[in-house]
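Note that the chains take the letters A, B, C, D, E and F in the order they are written out, and that residue 1 is the start of every chain.
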Amino acid sequence: MFRHTRKLQYNAKPDRPDPLMARRLQEALGGQWGETTGMMSYLSQGWSSTGDEKYKDLLLDTGTEEIGHVEMISTMIGYLLEGAPIHASEAELKNDPSLAAMMSGMDPEHGLVHGMTASLNNPNGAAWNAGYVTSSGNLVADMRFNVVRESEARLQVSRLYYMTKDEGVRDMLKFLLARETQHQLQFMEAQKELEDKYGVIVPGDMGDIEHSQFAHTIMNFSDGEGSREFEGKVAKDGHKFEYQENPEAMGGVPKTKPADPRFKNNQG
Amino acid sequence: MFRHTRKLQYNAKPDRPDPLMARRLQEALGGQWGETTGMMSYLSQGWSSTGDEKYKDLLLDTGTEEIGHVEMISTMIGYLLEGAPIHASEAELKNDPSLAAMMSGMDPEHGLVHGMTASLNNPNGAAWNAGYVTSSGNLVADMRFNVVRESEARLQVSRLYYMTKDEGVRDMLKFLLARETQHQLQFMEAQKELEDKYGVIVPGDMGDIEHSQFAHTIMNFSDGEGSREFEGKVAKDGHKFEYQENPEAMGGVPKTKPADPRFKNNQG
Amino acid sequence: MFRHTRKLQYNAKPDRPDPLMARRLQEALGGQWGETTGMMSYLSQGWSSTGDEKYKDLLLDTGTEEIGHVEMISTMIGYLLEGAPIHASEAELKNDPSLAAMMSGMDPEHGLVHGMTASLNNPNGAAWNAGYVTSSGNLVADMRFNVVRESEARLQVSRLYYMTKDEGVRDMLKFLLARETQHQLQFMEAQKELEDKYGVIVPGDMGDIEHSQFAHTIMNFSDGEGSREFEGKVAKDGHKFEYQENPEAMGGVPKTKPADPRFKNNQG
Amino acid sequence: MFRHTRKLQYNAKPDRPDPLMARRLQEALGGQWGETTGMMSYLSQGWSSTGDEKYKDLLLDTGTEEIGHVEMISTMIGYLLEGAPIHASEAELKNDPSLAAMMSGMDPEHGLVHGMTASLNNPNGAAWNAGYVTSSGNLVADMRFNVVRESEARLQVSRLYYMTKDEGVRDMLKFLLARETQHQLQFMEAQKELEDKYGVIVPGDMGDIEHSQFAHTIMNFSDGEGSREFEGKVAKDGHKFEYQENPEAMGGVPKTKPADPRFKNNQG
Amino acid sequence: MFRHTRKLQYNAKPDRPDPLMARRLQEALGGQWGETTGMMSYLSQGWSSTGDEKYKDLLLDTGTEEIGHVEMISTMIGYLLEGAPIHASEAELKNDPSLAAMMSGMDPEHGLVHGMTASLNNPNGAAWNAGYVTSSGNLVADMRFNVVRESEARLQVSRLYYMTKDEGVRDMLKFLLARETQHQLQFMEAQKELEDKYGVIVPGDMGDIEHSQFAHTIMNFSDGEGSREFEGKVAKDGHKFEYQENPEAMGGVPKTKPADPRFKNNQG
Amino acid sequence: MFRHTRKLQYNAKPDRPDPLMARRLQEALGGQWGETTGMMSYLSQGWSSTGDEKYKDLLLDTGTEEIGHVEMISTMIGYLLEGAPIHASEAELKNDPSLAAMMSGMDPEHGLVHGMTASLNNPNGAAWNAGYVTSSGNLVADMRFNVVRESEARLQVSRLYYMTKDEGVRDMLKFLLARETQHQLQFMEAQKELEDKYGVIVPGDMGDIEHSQFAHTIMNFSDGEGSREFEGKVAKDGHKFEYQENPEAMGGVPKTKPADPRFKNNQG
């Protein structure tokens, strides 16, 4: 069960409105790697966790924090859209190229659909969807996913940082950068502990089943020579990488049978 | 530019048809973490790469291999659907519960839309989409993503393994398990080399910008005590994790202004 | 069965072309609450209706009218795109900020994909989809939905009105505003009649089954005091609202069991 | 900012596992009208609200409660999937039609993708998406939407109730039925207060702009006679409904001009 | 503007209910190539048409007919779902494998979301979306698309025919097969007339611009020999096909420059 | 199995960067009719083909070529984004309308998500999805689809041609125009051969089953007179088209029964 405090976790107030920046920030809200993806992935993983409380609690704490990040970004977008105009005349556009850029570059649905408040879309208006979420039941895999979520998200936040000079926006982004440092590190720590227990290959305990003769071979499918440089290096599981210059097609030419004629497959 | 060999990379022929298994294998073809996601992510990353040929080539080699995996799974699904019926009478269903299970459990679009051949959907019929792909321009982040792709994919392949007793299907899965071991290891190696160069936090060089006082604190947002266990551990960047039992709401209560009345936002 | 008249239900001709307005009007055509959503929701509800002809007929009449509204907006968009340029040189852009705004603010797919005619997308290019449609079999719920469809649509039409000064566009919007007044009112009337018959809570007849001790309590999950203001007010079903300042977590700490080890769920 | 309690808001434990019921409950989690839609709509509306604290707080309290409902249903699905098998032999299927029904009727991604834990999809595996959310800035419209959300959701919960005999599942559903009664009533109350202030037509203040001669006419587009029954009734705004048996096509035959020949529109 | 007749264009009544067939028929309603795709494509093309009334009218007549087909299939699905049960006990499932097949094979959302009426999804529950629609402004291309729409749709209808023995369902399908014959033929005729006018290559008038040395060469990218069989055949534009056994990579190795360092692209 | 050559099939290098053109080219990469659709459709059809090697090989050769086209366009987009700025000040925008147009007209996700490299979206940021792909098992239908794919794609490439003056971009487009001429012609040839064998109506062999009295009638559902012009023309199957001025509604008024009351369908 959850409770809410009206105060934000951290400042989310720009120095001045900027509808173009509002649009860009939608990536952090409704994009593939945005805060909603973090929130729903960590909460889902936490709720599904059946094992060690340490990881379950870490996931739920972080997921709960992310709801507050969604709230902060949503709030920031609202501030950035303050006073945004509903209309500009052709004369106004002609006289003010930066106004023209704003009118044509802002998200048309911010005003039309949301009355100049945040949406749950990315900057191109694509609706956030659960295809961005991962919760597999395997915590090694999922902790790795969480590290990626925080990496891609922090990368985007760093780009957002350079896309504005507004000190208020930057203040919030500096906070998010720090939290995403922490979240990268904590999920790396959990990943490491779980790898120590279950092995570095996900999932563990399949090594005797897999065709292990293909498990340490870099196969070259090109005239590029770059991947040969991995040859002989020691992989994380202690084996050396081999290099196969000309991987053979081992599987034969497939030949499936035609379907029941009532399926009306005409194949020549 | 690409070339094609009619022979498959490895065997992809079941001992006998099984439309339910055909449906499950769609996950490896058109699912969030399936081979199409690997193929399009690695190729996109490789094509976008502007730096070291070693990584560019590794990505393109692996991406090219994955097209062949898409081909193998597509072929396997075709074999598993051989001879699948278009109709069963009520009497037949009553007499044969396993036939009944097959008729109601198989993907109805396999026959209806594809004439008993593979689709590019997951087992629930959701179309593969590019929201599953990642190509960010930052290779540390993307190599981490690639490790996750191979981890989640290998996890699903291991589950598929236990969902069938068919030795032909298992033969192919054992090969895929091995290749996904290799791909996990090679991307881990690349990740490690890139982390050594650019730092473990993605992206590097933002540490002086972020609000670093928040960068190593586990914040507790619950009555769970589990995440406290990380307190004092040494994070991958050498700092120790701190623990904040009661994180403060530092941001004040937000209060945005109403929009232009022509937006017709009535708020009470 | 349907028939078509070449004449439009009402005027749909602007005074002059305006590709930016064409883009905005896509919301009314292919957006979440646009005319296509109305058309497909009312027709689906009407076709599915098994009861009183009065409601079935109202739904089908209104759904049929909406096809004509889709036609009008599609036509208007076509007119607004007349003469839109396929190319502007850098020099032209430099000399004319309003041309620059048009070239960068118009929907790039209007020309590229549709040859300067309407699409079935919203202004951000998201394809209309049936996830916007509601047809539940319960007419009280669906009439309420229909009132919302007309409310959100009329809200957007009113915003479109202020986004243009073109008298031709406004003429059409004034007609749509009026029809959406009528449709709000007629669906409210139907809703009221159905509520009188089946009760104000959807669905009726579950009151003896629900845990009624929780059915009139405003639960406070925050440090906000606003929702307390509903305390003691008389709800539409005649009961008074109670207020619970500190709702208890009644459900215990969940503890699900690990899955079969073959699912490879590693949880610490 | 949010905080989390490990205890659930209410019981969410079935008497025994039932993977088919787990699948059905996904509707309440990841479906168009499920708890996630409630959670994200109310939170978004609350964060965007710029006016009376009473409504803002009500929205945020209810949105916060809904996070806890997502948690409960997620937990319940986890319990219902306990012990679900990864494989059944053909012989087992032949001997046990109810096992066969389970193997073919359960969500194949529950095991394959999520290791027998909940997803964020509906029972057909369609990913939850933000196209289900509404947050328009106009509280009259949005409160109406919220009443619909609670109506459609409660309707689905009532159907879920009759789809199981499990007393544990029913206990949770009885609680949800009651909360959805409360939420319908509270949003109706807010809707009424806002209508009293801003008028029953959304948005208010457009009546002098719309072509009012079309604002109270039921137009008949069919040979059905049902909608005539509304003729003469008094609409919620005090006007009487008129009935037009044969609505005229007032708009003329449209004739748009061909596009620039470089668009290559060949039209005959 | 449109009008509606309560009578259906043709019979749409099964001999007896069959929820599994209801699910399959959703393909014809909400699938990629179903009637909704026909309806929205032909209407969009017709409304966008700026040229010869002959084609515009053909498109609008056929689009209008398709609304009636959507209506027929929607009605048929409603009949097929009549009397479908909301629950079956485990004992009932054990005793009746065909009941078990029905309970697990039917669309769970037919009951749960739609109260046993039609949805606008395909049989796997994927929502119909406008990404299935084509309206390009070029009638040669679009008439070709329309022929495909009718071909794929008739193919699916023929498969549906063999998936049932119900004479009522078959009666409707026989009608649809005939109409789809007509629609294939009429669009072929229009296609042919337009090709005669504008040329067989879409779009016309680009032949002097394209690099024509590559315009009649079958390029072999495989060790398959099959495509060589086209060598020397006369193409529809009168040229002979050439065959290139070993197509050269003419484009050089690409080498793009790194982005601005503020994008944080680390590439090795 | 596939192999890769680092050299591109053809030149893909612009004379100078142009982020707006980069955005437009996304249509050819990730749009409904772009190269990815060609690649995945032809490969899927080829892998699923069970018949004549001639067609199977043609499909796989062309599908393999298309992977190289995806590569070329991806590369071109990378070049066009070279040097694109991450930020422009308001002063810079005011002074340079063409910079303003670029900043607001370019795809915001090119920088933010992809570090100024290509995505797998269309120009409006909609993710490519498998709902664009067709592979039905019936080669007549699918060859027709392939002709459409090449027609719509070539149409878009021709429009792209006129949207730029850059000779490097045009060089690549001229090559694609030529290849799409070839692909139209080769698929037409295959289509013709297959029609000669299986008949012009897809699927063949249903003529005795369909209600043939409706198979050659143009039905007029409007007051338009245009479609009458097809009357008496000889259809491709040798029959003459008839014209029905006033098609009758033959199907009666539908009347489905209410569902089980536990579905809570209230219908008046």
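In this section, a contact is a pair of C-beta atoms (placed from the backbone, for glycine too) under 8 Å apart; a residue touches a chain by one contact, two chains touch by 3 or more.
Quick caveat: nothing in here was measured; it's all calculated off a predicted structure.
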Third chains touching both chain C and chain A: B, D, E, F
Angle of rotation relating chain C to chain E [CA atoms, steps of 5 degrees]: 180
Higher-contact pair (C-beta pairs counted), B-C versus B-E: B-E
Distance between the centres, which are taken as Cα means, of chain D and chain B, whole angstrom: 29
Distance between chain centroids, defined by C-alpha means - chain C, chain D (Å): 12
Chain D and chain F: spacing of chain centres that average the CA atoms, whole Å: 33
Sequence positions of chain A contacting 2 or more other chains: 1-9, 32, 47-48, 50, 52, 54-56, 60-61, 64-65, 68, 75, 78, 86, 96-97, 100-101, 104-105, 111, 113, 115-117, 121, 124-127, 129, 131, 136-138, 140, 155, 158-159, 162, 203, 206, 221-222, 224, 247, 249, 251, 254, 256-257, 259, 262-265
In the complex, chain D residues that touch chain B: 1-6, 47-52, 54-55, 86-87, 89-90, 93-97, 100-101, 103-105, 107-109, 111-113, 115, 121, 124-127, 136-140, 193-194, 197-198, 203-206
Contacting residues of chain D [partner chain E, same complex]: 20, 23-24, 27, 31-33, 96-98, 100-102, 104-106, 122-126, 156, 159-160, 162-165, 221-224, 247, 249, 251, 254-259, 263-268
Of all residues in chain E, those that touch chain A in their complex: 155, 158-159, 162, 262-264
Partner chain F, residues of chain B touching it in the complex: 1-9, 30, 40, 43-44, 47-48, 50, 60-61, 63-65, 67-68, 70-71, 74-75, 78, 113-121, 127-131, 133, 135-138
For the chain A and chain B complex, residues of the former touching the latter: 5-13, 32, 52-58, 60-61, 64-65, 68, 72, 75, 78-79, 81-86, 111, 115-117, 126, 129, 131-132, 134, 136, 138, 140-141, 144-145, 147-148, 150-152, 154-155, 158, 161, 174-175, 177-179, 181-182, 184-186, 188-190, 192, 200-203, 206-207, 209-222, 224-227, 229-230, 233, 235-237, 239, 241, 247, 249-254, 256-257, 259-260, 262-265
